[in-house]
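Sending over a structure as structure tokens; questions will come in a sec.
By letter and in written order, the chains are A, B, C and D; residue numbering begins at 1 in each of them.
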């Protein structure tokens, strides 16, 4: 199989399979979660709580001062790689074209050289994240195969994308194929690892905010 | 005459040594060799005796021959052809019919093991190769016979190199590339639809000069011409880096020469020399004239997801698969949801009231 | 009807890609070699992607020298000495005036201007033959 | 003597709900909850990471309520939770968690870890892995009416004492009173002045109140041990008494988890809303203050600080009131670092103070409070939870610290305008 054939497979059947598994998995996960239901809280809330779940959905994106202080490295690397991932994923033109072709949505791209810089920062942050996970006793205790798998499938698309853009080590066509395949691997693995947090954290934060707000606490 | 060296031929044609030096400098430049190699090139080319060349055309459109013979600057390229003895070429030779085939057989016999075989066009394999025959001989048979006595084979054009258009889906004739059939001879692929004339000449010049194959990539293409992608050498590349893209063929961006990626340019995955050698004697090349690269020097370019689809977009629509996946996911979700609720209900049913006696084993 | 010129195509250049500076630095190195060791060398300009700005910068920096020469063989070859003595700009054209190859040569004198030894020998013979003919003619005359 | 693994797992299957599923689906193992937990920060032992304490619950969720988990279970790729697993986790679930809720505040994906620890304790207790000390307290509550074994005669003795002290009568079993006050047994035994303070304040403010001879104990070991059936029985006693006396409000005493049990868990345990309102004593006092019915005179001049009881502040929403009340009676109130909903637990909530085997760990965890106090340099600490108060006093004594702990209600009572008391 030549690099071009691999690329065509990645852009054709591969993408179809990956998107299908991703959507199947995520739909399944959401049904799994919501079908478990929740008992109505019979305790009178301290005050009406409309919107408090949503408030926490947004407020948890910002660390509070104590978190900066105590979990600084986790917070900083976490911020850098998450924001970096979003910028690279959503603002590199080829990605926008892909999203446009899949959804019909489109928006302006950022200069490629800027996205390139962001990619480097994100890669560095992810490496620090990995080293931190291996060194920190708490993270190491919590980590299993799934954690390292999730790290790898997040790191690989960035790495292959960076290598393809800079024509490092391998032929561009092959690298582009590997890049797309690695992103497809990410999609396939996504619903069955902690990567689901991308979506479920909104549910989790909403419940947390709602539970706390009924007691009169902004969490 | 056959024993004349190139230098002697040139001299006979009134070309001075200065002219020859100039020719060698241009050839060196074309081959992307260091300028200091010009002397070596001059030395070996000067002493070169005319090698025999047999040119076979199979399932092709004659575009490659057109490209080569209509080269804008024939003076230099034609020099190379003056240096070879083109013993058989359907389109170019004067002879026809039995005489032509006899010439081929004669040349093969006379220079067995030494001649250079040039092939353009793909070879059909389906139905016993019945789709293309010459003088009643199938392309497959003719290729196998000619290849057996060749020193090396040059597959000119994407059809000969990778199967090309005849090979495009659904490939009704079962067309394949030369390299799919011949495994025991050195093969140089010079793909392109057609290949850049200077590239064809350069490859021949290299072979004639050094008597060996040039440095080839993993698809058998000379690195000197196919080592870089169109995108790497594209003068519009800075726009790509700046994120400036033409959205249509006639918008302001297109007029300002912005990158054509969004319009489906295959430059990033295409390896060819168009961006540097250009076409029609350096006049222009596809991207310069406002159209994205279609990737014609790459395998399967015709089936590579559409000329006007950006490289990063899917080849096929995934909407159907996506909808089906969501539906199946929802169905599985409902099923597991029901199973989960049953399990929970069962747990509730099995609940035995915990009293203080139940806190210890 | 509109003419080609009415189509509003105007290519905007986005600045040089910096190759001109690299070429200039290379010229400096080669020139130093020529001065110190007498080694001659050249740079193939068609081997590098050079933008119009790059060319402008090269020409502006090297300037114009005293010598301009033209060789007529297989189409013209135009040579001029740049403002830096020993640095020559050599451009080979075909009969249709299209550039075949372009070099910056760092040498006492560009290779192509020197009369080739074999040609000189041939010339000597040709000249002697001509003189012999003249002598014959005058003898008969 | 009938606890079993199957009962425990069944309890876990029962409590599983959408929030838990969303929490486990969202955890990225970042470990930030560890930095929010004083059992981790003071020991540095990774096993005290809050989310790690939930492993048995997570495994039950994954193996029994997800498709992939069910499949891998079927294929024998994952092992079901064993009795040994639960036994090993008992220390993490009971000794090293006070249900303080701090981890639930920092989790970046919004997991309410405390919510889940409470649920996990349902399974742990049903499987027989609750600590002996907490089981004992629970038994005493059910059998004797209070975790410390305080019976009505003991209360009556304290009532007589406080009546003598204050010169006020303390009403008991008064039909149709506006407020029914509850006490924690620690208050009855260790801090009876709380009762006197109530009498004086309510007398001054003209609040119609009563105690109930049938339900005076507010604490609920059933919540701490995580046995809803038992918690229901305990809270049911209060509901029955309040309904019998037809009071409009029930006052939760200065006891954190009692407030949680009564205010937030109670209606869900009995399966219906209350016909009365539950207020924490600090909420009532602040209400009296703002309506001008609570008049104080003079202020404490010595610098003092406030220890926020987790269940009242972070898990109870009574954040503003204690500070407003302190403003009335103290001239030099200083906040500790991480005040309000970000407070650090005393280390003894959630049943830990009743759990003898956790004593050493609890005293280690107290170093957090110690460093907060050392940093502030204040020698008076006000709080509003009898359990916090006991735990704080033990900790202060253990570390030989010169800090006095005062109940907020009593502090307010000390500053009541005196002539009112004489009427």
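The rule we apply is simple: contacts are C-beta pairs under 8 Å (C-beta built on N, C-alpha and C of every residue); 3 or more make two chains touch, one makes a residue touch a chain.
Worth saying up front: this structure is predicted, and the values here are computed from it rather than measured.
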Centre-most chain, if every chain is reduced to its averaged C-alpha atoms: A
B-D compared against A-B, more contacting pairs: A-B
Cα-centroid distance, subunit B relative to subunit D, in whole angstrom: 76
Separation of mean Cα positions, subunit D and subunit C [Å, integer]: 93
Separation of subunit A from subunit B, taking each centre as the mean of its C-alpha atoms, in whole Å: 39
Subunit A and subunit C: spacing of chain centres that average the CA atoms, whole Å: 59
Subunit A residues counted as touching two or more neighbouring chains: 28-29, 32, 34-37
Interface hub residues of subunit B, defined as touching at least two other chains: 242, 332, 336, 340, 344
Category of the chain touch graph - line, ring, star, complete, other: other
Interchain pairs in contact, sorted by label: A-B, A-D, B-C, B-D
Contact footprint of subunit B on subunit C as seen in their complex: 8-12, 14-15, 17, 41-44, 46-47, 49, 51, 71, 73-75, 77, 92, 94-96, 98-103, 111-112, 116, 118-119
Subunit A partner contacts - residues on subunit D that touch it in the complex: 16-23, 25-32, 34-36, 40-41, 44, 46-47, 49, 51-52, 65-68, 104-112, 115, 263-268, 271-274, 277, 314-319, 338, 341-342
Interfacial residue positions of subunit B with respect to subunit A in the complex: 217-219, 229, 231-232, 240-243, 245, 261-262, 268-269, 298-300, 303-305, 309-316, 318, 321-322, 324-326, 328-330, 332-334, 336-338, 340-341, 344
Residues on subunit B engaged by subunit D in the complex (per definition of touch): 332, 336, 340, 343-344, 346-348, 350-361
Interfacial residue positions of subunit B with respect to subunit C in the complex: 15-19, 21-23, 25-26, 28-30, 32, 34-36, 72-73, 75-76, 233, 235, 238-239, 242, 255-257, 275-276, 281-282, 290
